[in-house]
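To keep things simple, chains are lettered A, B, C and D as they appear, and every chain counts its residues starting from 1.
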Amino acid sequence: MAGNTFGKIFQLTTFGESHGSAIGGVLDGCPAGLKLDLNFIQSELDRRKPGQSTITSQRKESDAFEILSGVYEGITLGTPIAFLFRNEDDKPSDYENLKDVYRPSHADYVYDAKYGIRDYRGGGRSSARETGARVFAGAIAKQLLGTEKISIRAYVSQVGKIKLEKEYTELNLDKSETNMVRCPDETVAGKMIQQIEEAKKGGDTVGGVITCVIQNVPVGLGEPVFDKLHADLAKAVMSINAAHGFEYGSGFEGAAMKGSEHNDIMLAREGKNKLVTKTNHSGGILGGISNGMDICFRVAFKPVSTLMMNQQTIDSSGNAVGLKGKGRHDPCVVPRAVPIVEAMAALVLADHFFRNINSKLKT
Amino acid sequence: MAGNTFGKIFQLTTFGESHGSAIGGVLDGCPAGLKLDLNFIQSELDRRKPGQSTITSQRKESDAFEILSGVYEGITLGTPIAFLFRNEDDKPSDYENLKDVYRPSHADYVYDAKYGIRDYRGGGRSSARETGARVFAGAIAKQLLGTEKISIRAYVSQVGKIKLEKEYTELNLDKSETNMVRCPDETVAGKMIQQIEEAKKGGDTVGGVITCVIQNVPVGLGEPVFDKLHADLAKAVMSINAAHGFEYGSGFEGAAMKGSEHNDIMLAREGKNKLVTKTNHSGGILGGISNGMDICFRVAFKPVSTLMMNQQTIDSSGNAVGLKGKGRHDPCVVPRAVPIVEAMAALVLADHFFRNINSKLKT
Amino acid sequence: MAGNTFGKIFQLTTFGESHGSAIGGVLDGCPAGLKLDLNFIQSELDRRKPGQSTITSQRKESDAFEILSGVYEGITLGTPIAFLFRNEDDKPSDYENLKDVYRPSHADYVYDAKYGIRDYRGGGRSSARETGARVFAGAIAKQLLGTEKISIRAYVSQVGKIKLEKEYTELNLDKSETNMVRCPDETVAGKMIQQIEEAKKGGDTVGGVITCVIQNVPVGLGEPVFDKLHADLAKAVMSINAAHGFEYGSGFEGAAMKGSEHNDIMLAREGKNKLVTKTNHSGGILGGISNGMDICFRVAFKPVSTLMMNQQTIDSSGNAVGLKGKGRHDPCVVPRAVPIVEAMAALVLADHFFRNINSKLKT
Amino acid sequence: MAGNTFGKIFQLTTFGESHGSAIGGVLDGCPAGLKLDLNFIQSELDRRKPGQSTITSQRKESDAFEILSGVYEGITLGTPIAFLFRNEDDKPSDYENLKDVYRPSHADYVYDAKYGIRDYRGGGRSSARETGARVFAGAIAKQLLGTEKISIRAYVSQVGKIKLEKEYTELNLDKSETNMVRCPDETVAGKMIQQIEEAKKGGDTVGGVITCVIQNVPVGLGEPVFDKLHADLAKAVMSINAAHGFEYGSGFEGAAMKGSEHNDIMLAREGKNKLVTKTNHSGGILGGISNGMDICFRVAFKPVSTLMMNQQTIDSSGNAVGLKGKGRHDPCVVPRAVPIVEAMAALVLADHFFRNINSKLKT
């Protein structure tokens, strides 16, 4: 049973291999009557696309999307929104050396074992190119959430050993987009960029962490007991290529705390039942349900697996061989993963927004 | 749209409030012909139940399950397996002081806001008692997985500030059950127990971390692109009460590594296509699909919110009030959460085992 | 992948074999705040239960339901509503002769072939007793729909060769419950009863047809393109034991008509966009979406398979043997199937009511 | 919650409005390793396309499909198979007169009411053009089923008042494709064609019935209790435009029969547990599960609503107006619906084939 569909009411299905004719998706469950800002969609895609700066892959991907259905004169029809991106810049020659070899820590091997067939021309379905479809759909989700004033902003908070020590509350998140690593603190951003450039120079790569902040969330999003809001956020971002860890609120640090330190003292109730607490170790979510405080989570990404240096691996006969990466790959995935994290968060929030609508009888 | 169902083919739905007449579940999609070991189910439930040691809640819960359907003469029929636990030891008087007050960092407030109705007698649906149904179903999943020799073992690797620094490969995991905190290293276990007892003495609580190891997993489990094996594991364990973080393989530490350190050198292919790698930073999963190496993940739990000390909070009119916990609560959740983590992992593995069956045409 | 769950948002899962300890279900997705009329639920169950008249099975079934969760002080909590009926009057001795024999036109054979295991004590999961869970959930759905003034009424319109020739518009549907065959025309009801009694006397059984009328349906229920309202109604009622046919509006007769006869001339728009047409060959549904006119459909039921006479069949070794029914069976299924048809229709309507809520943006 | 997805394991999502840029679909859950016969897919599409004969719509539709993903060198990859058909021959001018008018017995009105937005250029999502995507996916399902020797053949058994009185067992089903109305009896076919031509001449349309026969079905397909094989077939074909009735086996006639006439005497067990019965009133399905006998069902279609004559209707202000159809429409839908019925049946069978695989433990 395939896993290419995400969401229950606001539902995205993606398709496409990196070197097939197109990648794309079908977004179903978007209500009729939403006026789409196509420029905004494009600007979100531009934040994800390779070649945007000197610290990302220099690969060129077509960033021209085509909407096939579900939109008429710029307004959603309530029917499935299908869209695609043509694959243009494929250089299968970059991959010919991979025909019979598996790349270390790549998905080549397991795809071959699982499906018994291998399209060696690039990552196929495991390629990060698939995330373009997520960003497209996420841009629509953001516009929907925007009608409710919900905002979602992510930024890079760690690259390799360089960590941004400040909390998001001490930062101006609007500054994230002013530098190519997407870190809202300029000084730290400079160090991060240097770290990436050094890795790149050595043919190496480096991991990182993205922090995401969701603000103005209404109380009540998230469903007991399995579809807790943070559980669905965890799944959403862990499904992004290279993600290795997720934490929200106090996260792993919370494990070392005492209850008397960790509990968020309730101060007041505001507006539409939003809670105000002194601290926010709960990360805006109690028992899996949003409480109105900011939602804050972090995602860890491993370093990119394709290296421009020699590595030992095996071929399809199981024999040991050496392999050196070719092509144009990212030395660090996190700058381009920022809009993907935001997109996945937006898909979760939009889905839960609609799921919550029938929680109680209207009176 | 409610969230009480988990899994796609091997599917659990749970029901029940902590102070209603029963909690239970329906496990659908279990094949016919599995001979159930009911004693094993009971032993798994015993690992979760309160009152099992001096460092857990002294609350008594009925641990007697009743199977209502789906099993005939000890063999599964292929039909839904419904089961329940009666609620017996409810002392609503423990909760009377909560009628108009919200407990800090508890789900009371958001349930009330979401549903517009409040059963103040305990946690209702957010109560950890619901996890009994998960352990029951997980025990059946484990028996199914056992027919494929897949094993799942979790243990406590951190309590408050006490961390078990050894990797699982340096430990004898069979020792986890020899002490009441479920840590396989006796010396560290002793310190953990002390940490919990100190917290308890002060009316306080403490968080912790559980590590889970899954061995002998066949290659190919996990579905591109959203239902990656680790994404579904993340969701599964993040849906357990108090979970605040998830990481697998290298996890958050991987973010600080270089690709040349992180990549797992492929050494060989063994048996049914299992991969052998030098290191296992990938945590047994590549591109969301199991590669045959051990799967290892960690879950962070915040400290329990109910404290036996005074805390500031608000009442249902939004006014500030003081509150002190009553009743019998856990000073630390992790010892009893070990079987719950295992159960959720077993549900994910069993579901993905069946989902993978049709990945390629039989020839 | 099992099929014990019905509905997408308002969702029922049933469980239980006829001779296990209980049958029941979990109804998930019912909003919080619905005040339940438990007497109404009981009265619906009484309409389905055996032994209610001389023309139904004389088997006694416990009609006492127990609600396990989801309801507090008579109000729904928004959490799963679990319920059960204990099995009490099982006489396995009635079934001993079936241990190695398959009943003609029964599900015994295919269950055995599918699951490789057989609980010969009655129909197991294929027993009509399972429909009690549907009627229970349907009674809650009816109460939900009642808050929107939607009414659902079914009646018997054919028993064997006796047909009620009048349209529902010529009948007083409130009279259906005044006789034991549930036909609103007393004269025809008398003939139907006679037909059933004759069949019963001869150890035989007879089929029939149920007509169902749904009134005051809001415009807009039903989802393009697969989940058309009539497609979901068809599936719902065809899943009832012994159902062999479904038609709505003009049905099979419509196939013989010309477009100029069949088209429903539009006359006006009323109230909340309800359509008024001269005729109603469309059966209240256009393109799969309700138009506000009455929905009318019919379901054909085959005669009950268990006969009190000798029949030829095969045993589990494939040899020809004779078999005569034992026990207490219905000579005609339709009088008791009336509330089941209504219940399934109510589940479909309630589900589509919630599914439609997000069809367009609120402005 | 949208309804554009069909199937649980072998799952089709369709998209596209009749006058948008393309219609198409995503078929997910097809195992890897199936060698596709693209010519067969095209030949199935040709059976559905308009303009194929003098008794169908003369509209020209592009019948050129493009596969976007999921297939490499003609072999399925196990990943989603996305495909599309470009819309080319749209003549919006044909529809300009509809801008403010609703067509009688069409979906215009309800779409407008449901979504609050109207693309008056043709049927939008309710257009029969969407069924092209079903036929495409059905052609792949047929190839999968072909590897199991399962065959699905439908034919026209009624046009208006002309009925084919013979049972399928008395006919040579291979002859259905030898005439343009798709009736395997040449004499009756001639009368049917005449009936359609007469209707066409008068600007009128006529309904009809399609019979579908599925042979060599393995025992065990179909899931208790809601997803009975015939219930899923009913939903599948009732979701085709203009379908108004469904019956299988004895169908509505069975309602008039006695149990002693209706029961199918079991004669033997053959091959892989296939049942052999004297009669087949059960239509190859017992208790919702295939028994190995032929599955036979019938679908009634109403006459096409668009007439080339004046009809009374209302405009968007609710005022009475006259309307006469323009454009190129079918005088009778059933000849072109034959491959659509087969496609939907193939989707159901393929899905249930995979769903049944885990019904019992492999030993």
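Assume a contact is a pair of C-beta atoms (placed from the backbone, for glycine too) under 8 Å apart; a residue touches a chain by one contact, two chains touch by 3 or more.
Because the structure is a prediction, the values reported are computed rather than measured.
Of all chains, the one whose CA centroid is most distant from that of chain B is D.
Counting C-beta pairs in contact across A-D and across A-C gives the higher total for A-D. Each chain gets a centre from the mean of its Cα atoms; for chain C and chain D, those two points are 26 Å apart. Rounded to whole angstrom, the centroid-to-centroid distance between chain A and chain D, based on C-alpha atoms, equals 39 Å. Separating the centre of chain A from that of chain C, both taken as means of CA atoms, is a distance of 46 Å. In chain A, the residues touching two or more other chains are 1-2, 4-5, 8-9, 14, 29, 32-33, 78-79, 114-117, 125, 224, 354, 358-360. Taken in their complex, chain A has these residues touching chain B: 1-6, 8-9, 14, 102, 104-107, 109-111, 113-117, 125-126, 130, 158, 160-161, 199, 204-209, 219-220, 222-228, 230-232, 234-236, 238-239, 241, 244-252, 254-269, 273, 275, 277, 281-283, 286-291, 300-307, 309, 311-314, 318, 320, 354-356, 358-360.
By the touch criterion given at the top, residues 1, 9, 29, 31-34, 78-79, 147, 224, 354, 357-361, 363 of chain D touch chain B in their complex.
The touching residues of chain A, when paired with chain D in their complex, are 1-2, 4-5, 8-9, 11, 13-17, 20-24, 26, 28-29, 32-33, 66-70, 72, 75, 77-82, 84, 114-117, 119, 124-125, 354.
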